[in-house]
Amino acid sequence: MIFGSGVLRSMLITLKNFFTSYFKGPEEGGIFTVEYPETRLPEKERFRNFPFLVYDRNPENLRCVACDICAKECPPKCIYIVREFDKEGRPLKRPAVFDIDFTVCMNCGICEEACPFDAIYMDHEFEIAGPERQSRLLYHKDDLLKSNEYFHKIRPTDATAIDQQRREAEEKKKAAAEAAAKAKQPD
Amino acid sequence: MMPVPLQHFLFFAAALFVIGVYGALVRRNIIGILLSIELIVNAVNVNLVAFSRSTSLAPETGQIFALFIIAMAAAAVAVGLAIVLALFRIRKTIFTDQIDLLKG
Amino acid sequence: MGISLIAGVATVTLPNIFHATLSLVAALLGIAGIYLILHAEFLAVIQVLLYVGAVVTLIIFAIMLTEGISNKTIAQRNKLGPAAVGGAVVFLAALWGVIRSTPWPIQGGTSENSYATLASLAGSLLGDYIFPFEVISVILIAVLIGAIVIAKKDSV
Amino acid sequence: MDTRFPSEKAYPFDSESSVGMKTEKIFSMQTLDQIFIIAKKIILGVTGHFLPDWACLLTSILISISAIAVLGPFTMMYLTLLERKVIGRMQNRIGPNRVGKWGLLQPFADGIKMLTKEDIVPLEADKVIHFLAPLFIVMPALLVFAVIPFGRNMTAVDLNVGLLFFIAVSSTTTIAIFMASWSSRNKFSLLGGMRSAAQMISYEIPMVLSVVPVIMMAGSLSTNSIVEAQSRWHGLKWFVFTPWGFLGFIIFFLCAVAECNRSPFDLPEGESEIVAGFHTEYSGMKFALFYMAEFMNSFTLSGLAVTLFLGGWQGPFLPSWIWFFLKTYALIFVMIWFRGTLPRVRVDQLMGLAWKFLLPLTLANLLVTGFWYFTSRPVRIAGSMVLLALAFWILTKLNRDVVPEKRVYHFAE
Amino acid sequence: MEKIFSARDPSALNTETLEINFGPQHPSTHGVFRMNIVCDGETVVSLKPVMGYLHRNHEQIAENMSYAASMPYTDRLDYFNSMSNNFGYSLAVEKLANIEVPERAQYIRVIMAELTRLVNHVSVIGFLLNDLGAFFTPVLYAFREREKILDIFEEVSGARMMCNYFRFGGVKYEIQPHILQRIKEIVKKFPKFLEEFEALLSKNEILCMRCQNVGVLPKELAVSASITGPMLRASGVDYDIRKVDKYSIYGRFKFRIPLGEKGDVYDRYYVRILEMHESLKILDQALKDIPATGELVSKKMAPFLKSPRNFKPPVGEAYGRVEAPKGELGFYVVSDGTPQPWRYHVRAPSFINLTILEDMCLGHKIADVIVILGSVDIVLGEVDH
């Protein structure tokens, strides 16, 4: 083939793309870039960003019982939990302090897997840039707390499945409790 | 653009010529000497063109001579630089006072 | 006119060789200006093209190869400084004396009608000056080959 | 005895005849075509009353200079925007559209950014030359505007050595690039400087030689007369339609692309290899000057290509200067198109292409033009076509190593 | 005028030799990688690569964490294809604790690995063109395809690049049918894009000029320097771990291995394009006969999903290797019965492919060094791990 033909053919392709970018949609070779602040890509359900703590109805009864499993399992060790003690000094099943250092966390989702009490889940919210590193990105308990409804809003299928499991667990526990109560009560 | 008398050009060319000669004598660096030779050649050219303008018999002869001289000067510089390069490779220096011994 | 003189002096005196070359460029541009005043446009453009475009670039190449990157500016003037200045001044005075005294055929300015047009220049170049034109081309080729042979690396 | 500066005499503006012609002209394509010249005459008319004769001459020159001074940077700014938009579209993304309606104010934003950037001069750099280099690069880029015929009689300075002036001035950029790379004392810029000088020189000769056939056929060096030579038959007479003209156009355009260091030949500031070549050490306003010079070069060179081969401002009914700008921007689009698609050529291939391929091709082109000049109509078209094809074929055979070799790939189970 | 450095004897005729640092922040070294190049004029005389700017002590960290905890770290090794890194690590631990992976999980793993191969090869060719000077056009065409595949990864595993999707004995999440359907569409449209991409590049004279007979890697040197991946196959050696080991379920798929003959930059580029065609074949077959249902993680490993730290593999050692797009990616794990590995080592293909960079670059121009580095296709995360 004559010398310049390869170059010419590659030029024609860029020209084709130049014109299709005006007329065709994003699928067949049109413009596939999205202008971020105005239009946004649809959010994917399983997308995982930094974790958050779930509470039912009001922020007091959060699900976390400060069992410290997630702190032990977290690869970069970015969770710090201190258990709460009531006045007499007996430990309570609630965390007094629950910090996650977002600069260390690599949102791998292992804490979500390891948590036996479905207390910690991965969030969808990613615009959390702050002015400086230390204070702004070290999240304390109250920043992390988010309601169960929010959890349903961002991850509908997972949330319903988990709620369903929790309800069954409660019925089983109630049934077991009644059975135990019945067994204790007749003798 | 009032007419410029002939003498002005001649004075200017002579001055340039003398500067070129001074440069050639004084410079230690061969390339410096080549530069001054360029100056001398240009001074000569200016003279030529000035004369061709003032004598009205065949006006373009002066310019043709100037053209030939420019060509020759370019050739001279080319050969000069080639010699300088070769010299630099062997002697590692292009300063005239260090290259005075004629040994091979 | 003035520029070229100053630039000429600078070419000769500046210690750093690169600065000297640049002042040579300024001098050449000044001379091209003079040609324009003398209505020799073709020559001015040729001068710019040939000298500033090619010759000075050649010189810069040479400087690049010989000076190396970190060049130290060593004293550029050798011993016979003052003697040369004296000689030059004497020579200049003699020249000026000659110029001022000789009666040039046309004392007046340059006559207006006789400037050379491009066409006439080309005509005579290829007309009655055809022989030197050919000789020049032969010489240039010889120089071309000669320069390459001298500057070629021995080893390769 | 009024000895005028030769190019003055060729000035149509001040001669009384054209002033008379304007008055009884009804509004027609002609006036739209001469819109700028009429505007200039009006200004001259106004200033003519209270200024002495030589001052009137001065103002006419000043007007054309100011027109160019406005046109130059303005085209440069909008060329940067055009380039980013076109390359963006080629890559299926939208070009800059944040500043201004479609990104129209983007060049101003870039300009302000360039101005506010801090001007770093490397420590042991050669201060004087470091400062001078950008000026020396922009100077030829602006000087060259004077010779390009923008419209019917809208050439700033109609030198009868116009073309030669263009080539002479554009060859001085080599020294400016050297100054820039030598004075910033860093290895990358030195490499860039050496490469660009070698590239400039080796691409200047084919460029000049590819222009010679046009001069031969047009008979003169002045750009205006070249455009006149192509004016008959409404565009069929353009040089590009003759075989040697077409080949000359391609070679000229390739050399023009190489001259202003763009796209396949942008060796001197090859980003991926030697960072930013000779203007590595520059920032702020000085870098803007380099940038401006590069874009103005590409504008003027494509303007010249239009003048030489595509019949300058010849065009059926649109006013002349619109035609000129249309054609020039078309060529600039092709330059940007090159930049969007083609990878960079290596230094020795660059030289090889220039010396071993383009130069012999231009010489062949010269021969064919001679042949064309002296033979009659039917013979010369066929003859020159055959000769040129032959030359092209021989040259591709000679440069065996450049032509890509076939590769066969077998598969293992 | 002091001589900076002269490789050859000073008396021989040599012009000024330049010693240039293609420093860590050079625009085209694919990350923080330095090369001390000594060149005479333009041709390279000697080249010393300097690495370690991105060393994050991955192996030592892994030895202080439980097995599952270091899975997210393997994503960060070769951040272009995290799925195949996970694949390699999970293979090694499954061999160590002889866990067998259920059928459906095997198919999902193969589909994900082949999708990463497509992503990697497409973007590598894009970056190679970038080094050659084509101003970002091929990269953006490649990224248009890469975006679609990364959306699939995000849909499936939760993150575009740091997927952390594989678990010992299977995968973490289920693939819903509509995602499978989307993968089928992508695989159907990919060949059309590929031949447009090939038409843009393969016959391009400038590309051929720049790439042919540049950075030639002879067969013996490739084998002796234990080069693996597309570089080895471009030199004509028929060695692909998917065919040699037939690990996971690669034995069931029918596909071929493209081989070049000269082993220069052009061969490596073209072998990668042909490999993409082969991966598409594998994906077609895998998508066709993937079982509709089936458990995701083997029963033996299910309890440890919830509490990874009390997963204690038996004492012993295992070396799991996988055909990553860059070459043979191996994980050597030694366990002493405790939840933390006693020794954990990663065989990074990019690191080993880099060792012979100098032999390929001698005698070439500086512009070629960058192109050869681009064709070797290194990712600094893996080189310095």
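Going in written order, the chains are labelled A, B, C, D and E, and every chain counts its residues from 1.
Keep in mind that, in the parts below, contacts are C-beta pairs under 8 Å (C-beta built on N, C-alpha and C of every residue); 3 or more make two chains touch, one makes a residue touch a chain.
These numbers were taken from a predicted model, which means no experiment stands behind them.
Visitor: What chains touch chain A and also chain E?
Guide: Common neighbours, chain A/chain E: D.
Visitor: By mean C-alpha coordinates, which chain is most distant from chain A?
Guide: B
Visitor: Looking at mean CA positions, which chain is nearest the middle of everything shown?
Guide: Nearest to the common C-alpha centre lies chain D.
Visitor: Two chains share more C-beta contact pairs than any other pair here; which two are they?
Guide: Here the largest contact count links B-C.
Visitor: How far is the middle of chain B from the middle of chain C, if each middle is the mean of its Cα atoms, in Å?
Guide: 5
Visitor: Once you find the CA centre of chain A and the CA centre of chain D, what distance in Å lies between them?
Guide: Whole-Å distance between the two chain centres: 58.
Visitor: How many angstrom lie between the CA centroids of chain A and chain C, rounded to a whole number?
Guide: The computed centroid separation for chain A versus chain C comes out at 78 Å.
Visitor: Show the residues in chain C shared as contacts by 2 or more other chains, in ascending order.
Guide: Correct list: 39, 42, 46, 54, 61, 65, 69-70, 115, 153.
Visitor: Specify, in ascending order, the residues of chain D that touch 2 or more different other chains.
Guide: 3, 90-93, 187, 190, 340-342, 402-404
Visitor: Give the residues of chain A that touch two or more other chains, as numbers and ranges in rising order.
Guide: Each of 3, 6-7, 10, 13-14, 17, 32 in chain A touches at least two other chains.
Visitor: Touching chain D in the complex: which residues of chain A?
Guide: Where chain A meets chain D, its residues are 2-3, 6-7, 10-11, 13-15, 17-18, 20-22, 29-33, 35.
Visitor: For the complex, give me every residue of chain C touching chain B.
Guide: 1, 4-5, 8-9, 11-12, 17, 20-21, 24, 27-28, 31, 34-35, 37-40, 42-43, 46-47, 50-51, 54-55, 58-59, 61-63, 65-66, 74-78, 80-81, 84-85, 87-88, 91-92, 95-96, 99-100, 104-111, 113-116, 120-121, 124-125, 129, 132, 136, 139-140, 143-144, 146-148, 150-151, 153
Visitor: Taking the touch rule as given, give the residues of chain E at its contact with chain A in the complex, in rising order.
Guide: On the chain E side, the touching residues are 65-66, 68-73, 137, 141, 144, 147, 151, 154-159, 162, 164, 172-173, 196, 199-201, 203-208, 305-309.
Visitor: Applying the document's contact rule, which stretches of chain D touch chain C when the two form their complex?
Guide: On the chain D side, the touching residues are 1, 3, 6, 126, 128-129, 132, 159-161, 164-165, 167-169, 171-172, 174-175, 178-179, 182, 185, 187, 190, 194, 197, 201, 204, 220-221.
Visitor: Which residues of chain D touch chain A in their complex?
Guide: 86, 89-94, 337-338, 340-342, 392, 396, 402-404
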